Amino acid sequence: MSSFWIILTGCLVASSCAILGCYLVLRKMSMVADAIAHAILPGIVIAFLVSGSKNSVPMLIGAAAFGVLCTFLIEFFHKKVRLQKDASIGLTFTWLFSLGVILISLFAGQADLDQECVLYGEIAYVPFDVTYYIGQIGIPTPTIILLGMLIVVLLFVFLGYKALFLTTFDQEYAIALGISTTLWHYFLMTMVSLTTVVSFESVGAILVIAFMIVPASTAYLLTNQLKSMLLWAVAFGVVASIIGYFFAELINGSIAAAISTVLGFQFVLVFLFEPKNGVITKNFTRKKVAIH
Amino acid sequence: MIEQVNDPIIEIHDLTVSYDKRPVLWNIDLSIPQGSMVGIIGPNGAGKSTLLKSIMDMLKINNGHIKLFDQDLDEVRNKISYVPQTESVEWDFPATVLDVVLMGRYNTKNLFSRISKTDKKIALECLEKVEMQNYQDRQISQLSGGQQQRVFIARSLAQEAELYLMDEPFAGIDAASEEAIVKLLQTMHSEGKTIVAVHHDLQSAPSYFNWIILLNKRLIASAPTEKAFTKELLQNTYGGRLTLLDELEEIVAHKEIKFEAFKNKA
Amino acid sequence: MSNFLDFFSFSNANIRYVVLGVILLGALSALVGVFTFLRKKSLIGDAIAHSVLPGVCIGFMLAGNKNPYFLLGGAIIAGWISTWFIQLITNHSKIKQDAALGITLSVFFGVGILLLTVIQNSGNPNQAGLDHVIFGKAASIGKTDLLLFIIVGAVIISAILLFYRNFVLMSFDLTFAKSTGVPIKAMQFVLSTITVLAVATGIQAVGVILMAAMLIIPAASARFWSNNLKTILLIAAICGALAGLGGAYVSYLAPKMPTGPWIIISATALAVLSMFIAPQRGLLPRWIRRLDFKKKIIDENILKAFYHLGEANGDFYADINTTALLAKRAFNAGELAKRLKALTRKKLIVKHGDLYALTETGKYEGQRIVKIHRLWEIYLSKYMNLAEDHLHPGAEAIEHIITPELEALLEKELDFPTTDPHQKEIPYKKLNPS
């Protein structure tokens, strides 16, 4: 039974992340998302110390706040201080992450947080964190929260579909129509912060990036339609969660890391063998033509 | 040769604009009559795109103001359509031609609602006008330069605006596409629309436009074609840089001088 | 206090190794980081750093223990493969650079964590401390490590010295470098290699996650101080070394704390300091310059007002009261009072009770500005086709930034005109017979 909850939790994380990841990849914000995922660590620790629990609103607020802070600092260093964009990103997230690690280290006793948790989460412990029951069956709290997160993400993408499409594809046209690209940028980054914090306990702060960027990129290679890209990304995420779980069990390793590995494997497969543009299929068909 | 008009559709008053702390347009003062077909001509880096973007409030204005239909931009946005350069966008984005054209039906009021049947109908009609009705389901990554341009114009038409601002609509496209677009623009012109386009080709400019703006960081001319498109004025426009202006530009950029410092009243 | 002395007296051999180690690593990473920074590819360092983790783990698995050669070798190979992987993705698919970095970084890291957890769960006692590669543990730097660092350091510095000229060209102007026949591909290969080497050794101090910071932050700090590559390299190396030292000291004080974050905090502190106080590009100097410029504008406007009043009255050196000045131009009364005091100090005006008058120097300064203003009006009208009622505000904006060189150019360009568009005389300075 606990396998079921673990896999389900993994799938929920993967789905939320994959959907947001599609927009991140298309907006060329993969590394900014990486930065935010690192930067929210101090927010999580502080919120945790303040509220004493992992499944709390303060955590969400703390994370969102640091996500916004990170986005803001990057812009500050880039525009005001005149530091180049890549260095602004690098500087901001490393120092915020360092702050987070130091806080964890200082308050290790008081907080049920350790460095491993930060890195790759403890999804295996999810089934034991139960506070809600339907009859005899206990539903783990993280799972409920992640289900809620997925619903929020779906609502966000559904309601904001046109705005996201517009601001992702053609910023100039969006501004000309009077639609604020900055606003939607912050919306998206906030969603990334929130998703990272709720996924944090399950998969850790760093691997969450794999869940966002890799299935979305794999889907991007496969399709030319936004809607199917979103679906494929989720599909890859879900499949990787399932396979990853069993793989981890087999070799006795971290589940989140195993899922990331499978995601990578999927990417390589599609990269090489995608029917029209896969690196190997392209060479193969070229050879075929040459023979004739 | 700067001719001012009464009842202009666009009025630009003493406009100075900087890009990245560097002034690119100096004290531009012009007005454009309704229903004209305007070409903005000038060498590279003259600030032509900057002028269009300033009209659309996409850039910070250091000095001066702009009036459209004698009102502020925000009051008349729905009457204006802006067509960016095709290179400002990634064409390997997962979308179909129809998806892009439908964007022309988006506005701040209907942003959260579904696309309606009317929207779709209008989008398809616009595709017909650019002669691409058979391409509605084509992936945009498969389009040629000319086709990309036509899709952008179809999108623009879908807005059903009165004023069209186009940034290099004829850049890098094949002769057939150019012909199709010119024909379309002339039809729009005859329907009373105002079109302002940044144009790079001196050969075709006089036949395409009835009003010419000559720009090279400062305004050299803004008048009906026969008055503006003269050898002397063209030489003035293309004949090398104004050293003084360049030097000034350097000083302003280097010392990071903010033009707000000059809002020093009388 | 005793801790401070204990540490900095370096009497303890272990402390010596650690300190030398972090200083060396900090400096090396900074040097290498300068080149990636200048090419605006800082985040590649981040991807490479995360990617070495699986290499370290495989090295461990092959050696059966934490043999530094195996670990380092594994790190280098993995780092190297990751750069190839990133290139492969961007060159052969529509995936963009940022996503290629993100994919490589997260997947390699994921594989690394997987291997690490497998190793940790395998019960092999030798694996204790292997996870220090993630957050860094400078305290564990020993003699062999130091020797390894020195060897790697020698390789990196040799490469930089050998190909210095090419690196300079490529860092500042790639197209020019290409056109002068610099073998770009080969040089990029060398740069990737030394980056991988720096990362593979540097992670011992700061760990894989924060390694990118050691490539980026010292370079960013140095950039604020200079435009000269040699100076940038020097300052970056110093910042890197200091950051390492700071972190090692904290590691000494609190052995349970991972060193990496403290090194980064030290590096960040230096960077923020640089951002604030560096002479040309620092925020503080820029702000001061801006304030100075604002003062200059008011001063010049005051002198102009004096001059105009003098023109009207026929006497440039007459006493003027503040009311007359305020009537001439809408000054802010408080600012006016302050600047009048400053101008008196600078001997451009003199105070006679409640009244002020121009000195000779002051008169010529006022004259200069008025001259520039009127010349610029001519320029605006002639070359910029500005309407007559726009000439005055246009000139108001520019007169304060025309340098003496530009002034001379302007006079020459307009061929020394005598009147401006409003028929006012242009006051050239009359040469003194002496």
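Going by the order they are written in, the chains are A, B and C; count residues from 1 in each one.
Quick note on the criterion: contacts are C-beta pairs under 8 Å (C-beta built on N, C-alpha and C of every residue); 3 or more make two chains touch, one makes a residue touch a chain.
These numbers were taken from a predicted model, which means no experiment stands behind them.
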Once every inter-chain C-beta contact is counted, which two chains account for the most?
A-C
Mean of the CA atoms for each chain, then the mean for all of them together: which chain is nearest?
C
Among all other chains, pick the one whose mean CA position is farthest from the mean CA position of chain A.
B
Please tell me the distance, in whole Å, between the geometric centres of chain A and chain C computed from their C-alpha atoms.
32
Measuring from the mean C-alpha position of chain A to the mean C-alpha position of chain B, what distance in angstrom results?
39
Interchain centroid distance [CA atoms averaged], chain B/chain C, Å:
36
Where chain C touches two or more other chains at once, by residue number:
94
Residues within chain A bordering two or more other chains:
220
Contacts with two or more other chains, residues of chain B listed in rising order
141
Contacting residues of chain B [partner chain A, same complex]:
53, 56-58, 74, 77, 80-82, 84, 88-90, 93-96, 99-100, 103, 106-108, 111-112, 115, 139, 141, 155
Note which residues of chain B are touching chain C in the complex, please.
2, 14, 16, 26-27, 29, 63, 92, 141, 218-221, 242-244, 247-248, 251-252, 255-259, 261-262, 264-266
Which positions of chain C touch chain A when the two form their complex?
37, 40-43, 45-46, 50, 88-89, 92-99, 101-103, 105-118, 121-122, 131, 134-135, 209-210, 212-213, 215-217, 219-220, 223, 256-258, 260-262, 264-265, 268, 271, 275, 281, 283
Listed in rising order, the residues of chain C that touch chain B in the complex are 94, 286, 289-290, 293-294, 297, 301, 329-330, 379-380, 383-387, 390, 393-394, 396-398, 401-403, 405-406, 409-410, 413
Residues on chain A engaged by chain C in the complex (per definition of touch):
25, 28-31, 33-34, 38, 80-87, 89-91, 94-95, 97-99, 101-102, 105-106, 115-116, 119-120, 206-207, 209-210, 213-214, 217, 220-221, 248, 251-254, 256-261, 263-264, 267, 271, 277, 279
